[in-house]
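Per-chain numbering from 1; labels A, B, C and D assigned in written order.
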Amino acid sequence: MLNAEPGAGGALPEPDAAAELRRQVAAFLAAHDPAATDPAEFLRARFDAGLAWVHYPPGLGGQSLPRTLQKVVDAAFAAAGAPAHRADRNAIGLGMAAPTILAYGTDEQKRRWLRPLWTGEEIWCQLFSEPGAGSDLASLSTRAVRDGDRWIVSGQKVWTSSAHVADRGILLARTDPEQPKHQGLTYFSVNMKAPGVEVRPLRQATGEAEFNEVFLTDVEVPDADRIGEVGQGWQVATATLMNERVALGAFTFPREGGMIGVAARRWRESPQLRTPGLHERLLRLWAQAEVSRLAGERLRQQLAAGQPGPEGSGAKIVFARLNQEISDFEVELLGAEGLRYGDWAMRRPEGADFYGRDAGYRYLRSRANSIEGGTTEILKNIVAERVLGLPPEIRLDKDKPWKDLPR
Amino acid sequence: MLNAEPGAGGALPEPDAAAELRRQVAAFLAAHDPAATDPAEFLRARFDAGLAWVHYPPGLGGQSLPRTLQKVVDAAFAAAGAPAHRADRNAIGLGMAAPTILAYGTDEQKRRWLRPLWTGEEIWCQLFSEPGAGSDLASLSTRAVRDGDRWIVSGQKVWTSSAHVADRGILLARTDPEQPKHQGLTYFSVNMKAPGVEVRPLRQATGEAEFNEVFLTDVEVPDADRIGEVGQGWQVATATLMNERVALGAFTFPREGGMIGVAARRWRESPQLRTPGLHERLLRLWAQAEVSRLAGERLRQQLAAGQPGPEGSGAKIVFARLNQEISDFEVELLGAEGLRYGDWAMRRPEGADFYGRDAGYRYLRSRANSIEGGTTEILKNIVAERVLGLPPEIRLDKDKPWKDLPR
Amino acid sequence: MEGPAEVSEGAAARERDARLPDMTYREEEVQLRAAVRSVLDDRADWRSVLARTEAAQTYDTGLWQVLAGQVGCAGLLVPQELGGAGASFREAAVVAEEAGRALAPVPYLGSAVLATAALLPAAGQAPQARELLAELGAGTATAALAVPFATAPGAPPEPTVRIVPGPAGDPAGTYRLSGSVTGVADALPADVLLVPGDGVPAGLFAVRAAQAGVTMTPVTSLDMTRQLADLTLEAAPASRIAAGPAAGAAVTAALRAGAGMLAAEQLGLAERALEITLAYVKQRHQFARPVGSFQAIKHRLADLWVAITQARAASRYAAACLAGQDPDTPVAVALAKATCSEVALLAGQEMVQLHGGIGFTWEHPAHLYLKRAKATSIALGTPERHRAALADLVGLPAP
Amino acid sequence: MEGPAEVSEGAAARERDARLPDMTYREEEVQLRAAVRSVLDDRADWRSVLARTEAAQTYDTGLWQVLAGQVGCAGLLVPQELGGAGASFREAAVVAEEAGRALAPVPYLGSAVLATAALLPAAGQAPQARELLAELGAGTATAALAVPFATAPGAPPEPTVRIVPGPAGDPAGTYRLSGSVTGVADALPADVLLVPGDGVPAGLFAVRAAQAGVTMTPVTSLDMTRQLADLTLEAAPASRIAAGPAAGAAVTAALRAGAGMLAAEQLGLAERALEITLAYVKQRHQFARPVGSFQAIKHRLADLWVAITQARAASRYAAACLAGQDPDTPVAVALAKATCSEVALLAGQEMVQLHGGIGFTWEHPAHLYLKRAKATSIALGTPERHRAALADLVGLPAP
């Protein structure tokens, strides 16, 4: 999938290409006055002009240019006060669905889905995890049964962000229970407004619901909305998840930028709460947090120098552990105040709000950091097997038909 | 094996039995003046009088009395200044070999071996572990091949305490490589002075050698020295090891009696070495050590009240961890002095000397606490499977012939 | 090879060990446990506990009536001459363990332990204390000790409530109190508040909750199963239970007993969290195997079980010392609260993690155990504060 | 779902990040590593390292000749105008990593790092410093900084050596020193000792080892691969390298650089310990499976590997800061020494444990790694002392 990414090379050297792009944006703006054009109309036109994501192919919003040039275009549009495509509202669509559609979709699917996805007119969500299939995603049970040129889908999905606002979802479903589990899966795009799709908020320990459960009851999916071949679903989904992992590494922290900054500030502001034992813990956590920041920066430097290493595999393990230990420390530091909680009311936030809420929230929310996006246990298996070359777990489930596996 | 232990009940109520034993000892002492009798002769006579180990059967040094009465006899002999049988020099003989012989030996073997074992005239050692068979003892390779009424034994044993002073050893050897590993083993008693037995000290990280390697090269063992049936070796050895485990639980600690006492004294004596971080660590370790002592005492109280629980399974795990953490702390507390070591000279001590040597020795020697007598990893498996009822590891080695197993 | 004990410093040490109090569960304690568990199994399954957290009344007064009145949990520590059971902290700890297992939303710790223990020293002198103890023991009233729940036994804070002048018509023996106390446990269902108040002399006062001048504000609490309250007094009528140093000593004794019983509660919590987690990992399959068959999971659960065996010894020792008024009680309570706090927190955190996603949802008990574990690790003194207390108690001075 | 970074405090923060020095290994550093490793693979396999610990000379002067003279390790930090390589602490750290991997019994840390770093500040003023640097860089002499190896950078102890009056015939510029220094690293093979001495003014003095009045007593050391020595001076002739505050500053700078390079050594040690352990658990079978196929073992090794990735970042950051005389150097060195000490110790302890019995025997390298790890965790400041230094450096004040 990473190799299928377009725009690895461009026709022009970068400075010239940048100048050319700026010329194109200027010409586009001359033809479409941002102040006078309907925002959706403007974005659709921008897409059609190949100025949406420049590393995508011509006709699909781009010009097959290097990805690094995207910032040139974005800056030029932003400077002109052009309407934004609200990438934050469609993270799964842009980060996971779009590259998958590009790599595995038919020409017709690309034409149909990519433009409204990019403009934000269609929000996408991801229907992968199930109550019975978490770490072992390939064991999922949601069934898709063929019926002529359509599929009838039934099952339950879980941990679905944005499902309550989404127009479409990428769906992994079992099309052949007689096959071993990785081979009986097929990948679809499903209309979230279709009959039989029911979205319920999934309330979590913090009191709120960032995620949803999605119940699928005899949902009709046209075969035209299948992405990839029948039985190829695992391969397509793996590519999707690889895009997720690539996306995670792209952020940067300043010193004391993360959770440790909150704890350090609280320490500085609260001399009356300090004790020798807490001081030891804080210094240890501060050192670990700063070193993990340095490790992240070092990884970025290596990538920039063309020396990718396996070090990234450990970053999420460390991140989760530190978030948990630091927030644990913070609640203890607060003492009496730590026994109070902001609000248990059920809400629908867009995501975790580590810095807008209180210490108790941070403590609870960070518990999920070692579960979501790959449990720490699974990540350690990956490090042990893929990085250290230790023998894999004995697997009894790879070759038997899925229907015969214990569940 | 525990059920095979003799002396579970006695004919007389305990106070009467104690008085009767005291009368017997008095009569014995009247007949054998401790000051005037050769010590070995005295001990042999004491054995023959049934006053050696009173819970053993008549004719084998005892009177089938409850084990708790032993202290009556020992106290009476000690008060008279009678020669001791030096139990400390023959811990494996008394603790492991003797109960095994009693349970599985022939009458002739019991008559031949138990008296000199008890008197200390014959020291025993244990030839079980091998370089290739540690945690997985049943995979051992030492071969015993039958040749008429004798066996020819070849192989290498390791971690053998007292082998360099021992007269006899209990030996586990493979007699049938075609059988699955637990079924092809047989248990022997071997003469440590026989041709082909070579004992070499096994030097350890501390510089000294508490243990030996024993090389067996075509050693002849009479079939009369086989203990138990051919192929029954695993069962017999399991009984031996269970006696080892029972022996471990019999000690008691006062507060600050163990390694923590050394560290606490050092702390009290050395104000100049104290730092806040070390203080936190010491308080934590002190609390853990004291709680582990309470847990041991609680276990003893439960046993005394006839409520045996599984809690003992965790005691050695905690003991090893604390010994290691406390000695680690102590070396760090010492700082500059911790960089020095007493003596790397190769010596042959009887066992670990945790309190006679320096902090560096304690640090190094305690590393073995989580390996010897069952690794912490194996003990955790035992807790998980036998106490918590979690599924056993997938085993691929139980039913195949030993000779076909990967090694 | 080495076993867990080369050291045995002779007869003197063995004698001292022989003095260790009985840390087992005695027959009558086993029976009490069964009685309490049976009630809680019936009336405090986790779904009803969860529902209660969002009800108007977050305490289950009906359940408390059964436990207090029928099972006799409220009067365990009340002397027999006052109608109580005249039992000891050993039995009280057994009830605390069960309350912890179920996260029962009842004011057992606040009323039957903290308030009762604060009243006991005054029972000889103050008739009000005797009357109140009789009411508490019979379950006809509940009380709460009005100190912040985070207070550690060794460091009772300065009173935040003062004696103020009352109107001319006050009957003799009536005081008036003003001030506020934040984060009080088990105050919401309390009929009577025991309030440390400043004045000449300072004292411990009993204040009826249902009267003018007393305001109780529910606190949104991290532990939803034991909701705290902020208390405000405005010239609220009060009677004095103890005065001067006796008042401070009563509060300290109550906090120490409370910390010991809270440790027992944490032990019960940890045990139950492990049980639920074990059941889950045995039944939950991933990769066509029970999750509990993976060795890394097995070892973590073994670690937790071992930690619980240690916590149980510490908790039983504290209960036995409190019961016998052993001079080692301050050490025992510090050990128990420090140990059980950390073990309960480990259990709660492992419960969430080993359940995976489901353990992070509202509709699963894991978060209730986690929140109780985290809150109780702070309540009545953090592990660190209890270990710091050991420094003086056992002579390991700070730098 | 959440990734490792919701926070990004805008452009200012990103700019500060952009200022982070290069923490990768550059091409010339990779080449230097290969050259050093090749020599050490040839001449410092673990059996010869073990044998050396019981030889009369516990330092391998032949090996040091090769590393210093042929590979140029001794002169990395010596300026080019004095015949050195004029390289930086980045390259010096690479050599330290390799020395740590092999536990090489050479005075690299003592002579090429500690003594060299102590001389560098004086190179502008003192001709003796220049001459000595040239000798050290060329490998024709080695030196040691005569402070106890346990000394942390922030807390140089009071000098234990004093200037004493010399005989009448002493040449001008000659001082006489008396006193003793215990536990000095890399002193045994040293030709010259750099001794902090008390007097008016106090100073840093160079003392030739092979002369009357200098006694060096080998210490039986926990780390057998770097044997310490106790030094006694009795009116030993000395020349002054630096005086007054400059002397103290030179010692502090040397200790800080030494701590940073020792962290690199610990990183190398940890990596090699992990490699050897991995090779063992892949090949060692118990229960007819490689020991490394058991998940609990796999997860522990994964934990160790993750810890090493963290240690590498800390170590490279310290080396880069030292190389660039970055104002963040004190923070960087404290982080590196605290982190790498703990990771090396973890690696050494896991190496012993995961080898089982064989890892506890003399005839296996595990104990050598363990002893080096434990000793270096104390040397030049324990992790706790380095973290305590952070309290001031980053503004996290003690209670």
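FYI, a contact is a pair of C-beta atoms (placed from the backbone, for glycine too) under 8 Å apart; a residue touches a chain by one contact, two chains touch by 3 or more.
Since we're looking at a predicted model, the values are computed, not measured.
Taking each chain's centre as the mean of its CA atoms, which one is most distant from subunit C?
Using the mean of the C-alpha atoms as each chain's centre, the farthest one from subunit C is D.
If you tally contacting C-beta pairs, which pair wins, B-D or B-C?
B-C
Would you kindly tell me how far, in whole Å, the mean C-alpha position of subunit C lies from that of subunit B?
That gives a centre separation of 44 Å.
In whole angstrom, how far does the Cα centroid of subunit C sit from the Cα centroid of subunit D?
Whole-Å distance between the two chain centres: 52.
State, to the nearest whole Å, the distance from the C-alpha centre of subunit A to the C-alpha centre of subunit B.
57
Multi-chain contacts in subunit B: which residues touch at least two other chains?
Only 159, 275-280, 368, 372, 377, 380, 393-394, 396 qualify.
By the touch rule stated above, which residues of subunit C touch at least two different other chains?
Within subunit C, the residues that touch at least two other chains are 289, 294-299, 384, 387-388, 398.
Across the complex, what residues on subunit D touch subunit C?
These residues of subunit D touch subunit C: 294-296, 298-299.
Can you tell me which positions in subunit C touch subunit B when the two form their complex?
1-9, 12-14, 16-17, 20, 22-24, 278, 281-282, 289-290, 292-293, 295, 297-299, 301-303, 305-306, 309-314, 316-317, 331, 334-335, 338-339, 384, 387-388, 390-391, 394-399
Where on subunit C does subunit A make contact in their complex?
53-54, 148-150, 182-183, 219-224, 228, 285-289, 294, 296-297, 345, 349, 352-353, 356-363, 366-367, 370-371, 374-375, 377-379, 382, 384-385, 387-388, 398
Per the contact definition, I'd like the list of subunit B residues that touch subunit A in the complex.
Contacts found on subunit B: 276-277, 279-280, 394, 396.
Can you list the subunit A residues touching subunit D in their complex?
By the definition above, subunit A touches subunit D via 159, 161, 247-248, 251-255, 257-258, 261, 264, 267-268, 271, 274-276, 278-280, 282-284, 286-288, 290-292, 294-298, 301-302, 305, 307, 311, 314-319, 351-352, 354-355, 368-369, 372-373, 377, 380-381, 383-385, 387-394.
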